[in-house]
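Look for subunit A in each of the two complexes below; its partner is subunit B in the first and subunit C in the second.
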Partner chain A sequence: MHYFKLYLQFIRIRISSIVSYRGSFIAGAIAQALSYGAGFFTTWLLVNAFHELNGWTAYEVLLLYGLNLFSYALAAFFFFNTARSLDELVMGGGLDAVLTKPVNPFLYLICNGFNTGYVSHISLSTLTIVISFTGLGIRLTPLMLLMLVLSILGAALIHASAIIMTSVPSIWMLRWNLSGILYWNMRQFINYPISLYPRVVQFILTFILPYAFINFYPAQLFLGKEDYIFHPALQYATLPVGCFLFFIAYRFWQYGINRYQGTGT
Partner chain B sequence: MSYIKVENVVKEFKVVHRDKGLKSALVSLFNRKYDIVKAVDDISFEVEKGELVGYIGPNGAGKSTTIKMLAGILVPTSGVIHVDGRIPHLNRKENAKRIGVVFGQRSSMEWDLPMEDTFDLFQKIYRIDDEVYRRNVKFYIELFEMEDFLKRPVRQLSLGEKMRAEIVVALLHDPDILYLDEPTIGLDVVAKNKIRRFIRQVNRERKVTVMLTTHDMDDIEQICDRIIMIDKGKLLFNNSLGKFKEYYGGDYTITVVFADSNGEKAVDPRLTLLSDERERKVYAANRHQIETAEALRFFIDNFKVSYLNIKEASIEEIVRNAYERHAVRLR
Partner chain C sequence: MFTALLKLTFIRNFQYRGYLIINYIAMITRLFVEISLWWALFRANPEVKGTTFHDMINYLAITAFLGLFSISQAGYRLSNRISSGAISTDLIRPYNLKAYLIAQSIGENIASFLLYTLPIYGAVLVIFGIKLPYDPLRYLLFFISVLLGGVIYFYYSYIMGMLAFWLQTTWYISWAEDAMFTLFAGTIVPLWFFPEFLNKISYLLPFRYITYEAVAFYLGRTELSAMQGVLAMQLFWIVILVFLEAVLWRKAQKKIMVFGG
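Entry: the complex of A and B
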């Protein structure tokens, strides 16, 4: 409850700040929409040119794109700013300032760090998901709608875990920019059905860097696809996988903070 | 038991060992050597409730590291810290409710908004009771004379106005202790004086224990009851302001530019030559041994002098002189 009130306060502050920089906010939103719109468009063109990718039609691939972008935007909304600026936060003394306050630094930074620039991602990806379902003539039952919400939640947790885990080393390495390679680019991989890829890549994307749970497995469920790779049950596993990864990510974050404080753990 | 008790505290940092040059940089890529740096080296001191303590020393002496350990941000490598009976890093959140911290080089204000928005935010962070909050905001706005710039976005405030807001924000939750890390850094003389007066008032009227680090000798003379001086992580001095002035207060430096080469003969046992660039020489002296007027006369009457300047010693110089002249009397 405390953090919820704190969060609302930060939202009020952020909105008041945006008002004084309205032009830059709008320009930023348009630029983001253009860049992701281009991604959307190339995916569309590509799939249309081939008619289908390994049994996946253009509308079905669009669902992959939509799920990936929507859950990413949800995660990045809360975690992107903090993760991106963690090294500055350490070097500029911002982390010290947080640690002098009677708050959990993780929750505090999430409350403070949300990024309003994701409005365009959310609208674009919502549109994509709607286009995909209408194009395919799929009407989701209430149960499936619930599964969609839960899967997106799980997928967002997977993205969030990846954002957190790839950025935590910057607490002690300071100039750490592998997050881009480890995560920001990897994310593009799953815009296409992973059944296309060699077995070893499928294995990696399922069991090592389980990005396939973000969109491929849940999409199979909603689209009634039967090109199972490992086991049909994986279609339902997105939320548990997300929770598990997020737990690990949070522990890793605590390890980073302890290491910063020098507790010797 | 004392309010703040620091016993044999050591804080070590591991830093990558670097030699000069590209070659050794490449070597260190594969074969890393680490140096253990002792930022704080076996320091002990106590602070009583209501004291106003100046914690001083040159850059890199370990001042901020000590403050961070007192605030529970950093964990001592060895030794024990108690603040009001608690070990700060083990009770970081509890401790945080009882302290206010201002890092002079870093702002906690919301840049684009009037300071009142940051005040509201801090009310939520510290869960300050509405009544207490309103009373404190009113009290400090009056005390710190902030009515005029209350509604302006923080980014438009002067440095001194900003610092006042920073201090107020750290006081809204009625902390027992206020840690100020370089509160007057970068301010002009007028703004510095105001800040000093406010700190004094907060200490007196609200019975807040204040511990401040500074570089400024005037800060020390005008507001501190007690001085703790450290250098290279070690404690050099811990006593009242009166004693501090007695030991170090009369230190000053004289810069002289001689018009001819006779300057070489300007030797007096009471003047210590600090730097010697032919005609331009810098001397250290102390009022207890030679008054400034006498020192001036010494140079003007006996030599052809083209430039003369007398300056109160800075903390860096005091620490350096402490090694040279007061080594025996330390502690």
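Entry: the complex of A and C
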């Protein structure tokens, strides 16, 4: 409850700063939606020109994009700013100030760092998911709708865990940016059905950097596809995988903070 | 001075070897995803719109090579200098800011071409096979088109950078640009895969004349006789952009003087 109030206060401050830069906020939201939209549209056109991509139709591939962007936006809304500026917080001494506050530093940074730039991501990805289902003539039952919400939640936790885990090492290894490779770069693989890659890549994306749970596995549940590359049960695993990873990420964060407090005097 | 600057930028970029491995991993994974995509697409139908997998590999590689001419941070640097105010000292120094930025771009491009593009895409072409046109005239016109495309891109990005004189923030320009390039420049997907209406729009914009037309010509998709029209359009855009740049620069200088009082 205490955190909720704190959070509302932060939101109020942030919104007032948007209002004062209203022009660039709107221009930015439109430009970002255009950029993502152009990418989605291009892929849709391309898969349509070839009729299918490894057994997936253009609208089915669109669902992969929609799920990925929606869950990314949810995660990035809370974690992107904090993760990106963590090394600056350490170098500039800002982290010390956070650690002396009488609140959980993790929650404080999430509350303070939330990024309002994701309005366009959320609207565009919602639209993409709707277009995909409409294009395929799929009507979700209430149960499936619930599964969709839970899967997106799980996927957002996977994104969040990846963002946290790749940024924590920058607490002690300054200027070491792991997220560039391990998150941004590796995530490109899930733009397309991962069944089109070699077996070893499928294995990595499922068991080592489990980004395939963000869209590839859950999408099959809603599309009624059977492109199971390891086991059909993986379709339901997004939320558990997300919770598990987030737990690990949080512990890793705590480890990073303890280590920081241990050495920095 | 121009060559000295060029050399300096080149050397500096060559020195950043710490990022070398990371950049290699990043570029190779991106390329791997791209090649896997085209491989999977062409597996079901080996030829679509007169294009084979082999053509696409060459398209990707040659477009990447052309980054040597058609990538420039000049506009971005200019807009940073404007936002930070460094532009005011640039203007009183006895050098030509534009020439300085061009030299920097060329130095950077040569360094990244030698370090990354050439080895990575060279390997791709060795593995999958390079396509070479027979007609020497084709090479000549290709190179002319490439150079004109490079000039178009430089002026385009420079003008975009200049917008910082009038806008409060400019970070979103690159996002909008990204959309334009995806849809109308053929840098990610060749324009011949796109429907008619998108192609019609692309003829009204400068983007397809940066690299797309040159690569399409290299791959033999454009007849020799049709290339005159392409080169004429490229010249047309250069004239327009050079003129626009001059007009905007004059306006910007006035604006600086007003504020400088």
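Here is the rule we use: the second predicted complex is superposed on the first by the 262 of 265 C-alpha atoms of A that agree within 3 Å, B and C clash if a C-alpha of one lies under 4 Å from a C-alpha of the other, contacts with A are read in each partner's own complex, and residues count from 1 in each chain.
Just so it is clear, contacts are C-beta pairs under 8 Å (C-beta built on N, C-alpha and C of every residue); 3 or more make two chains touch, one makes a residue touch a chain.
Just so it is clear, the structure is predicted and the values come from calculations on it, not from any experiment.
*Asks:* Looking at the superposed three-chain arrangement on subunit A, would you call subunit B and subunit C a clash or a fit?
*Replies:* Here subunit B and subunit C can both sit on subunit A without a clash.
*Asks:* Once the shared chain is lined up, is A:Ala31 touching subunit B (first), subunit C (second), both, or neither of them?
*Replies:* In the superposition, A:Ala31 touches subunit C alone.
*Asks:* How many degrees apart are subunit B and subunit C as seen from subunit A, counting from C-alpha centres and rounding to the nearest 10?
*Replies:* It is 90 degrees after superposition, to the nearest 10.
*Asks:* Go through the superposed model and pick first if A:Tyr21 touches only subunit B, second if only subunit C, both, or neither.
*Replies:* both
*Asks:* After the superposition on A, what does A:Pro232 contact: first (subunit B), second (subunit C), both or neither?
*Replies:* Neither partner.
*Asks:* According to the stated criteria, A:Pro240 is in contact with first (subunit B), second (subunit C), both, or neither; which is it?
*Replies:* neither
*Asks:* Examine A:Glu52 and indicate which partner it touches, taking first as subunit B and second as subunit C; both and neither are also allowed.
*Replies:* second
*Asks:* On subunit A, which partner touches more residues: subunit B or subunit C?
*Replies:* Of subunit B and subunit C, C contacts more residues of subunit A.
*Asks:* Once the two complexes are aligned on their shared chain, state how close subunit B comes to subunit C by Cα atoms, in whole Å.
*Replies:* It comes out at 10 Å between the closest C-alpha atoms.
*Asks:* Need the overlap of the two footprints on subunit A, from subunit B and from subunit C, as residue ranges.
*Replies:* Correct list for subunit A: 21.
*Asks:* Please name which positions on subunit B make contact with subunit A in the complex.
*Replies:* 11, 13, 68, 71-75, 77, 89, 92-94, 96-97, 99, 101, 103, 105-106, 108, 110-113, 117, 120-121, 124-127, 153
*Asks:* Would you tell me which residues of subunit A are touching subunit B in their complex?
*Replies:* Subunit A residues touching subunit B: 2, 5-6, 9-10, 12-13, 16-17, 20-21, 92-94, 96-97, 99-103, 108, 261-264.
*Asks:* Which residues of subunit A touch subunit C in the complex?
*Replies:* For subunit A paired with subunit C, touching residues are 21, 23-24, 27-28, 30-32, 34-35, 37-39, 41-42, 45-47, 49-54, 180-181, 185-186, 188-189, 191-192, 196-197.
*Asks:* Using the touch definition from the top, list the residues of subunit C that touch subunit A in their complex.
*Replies:* Those in contact with subunit A are residues 22, 25-26, 29-30, 33, 36-37, 39-45, 48-49, 167-169, 171-173, 175-176, 178-180, 182-183, 188-189, 193-195.
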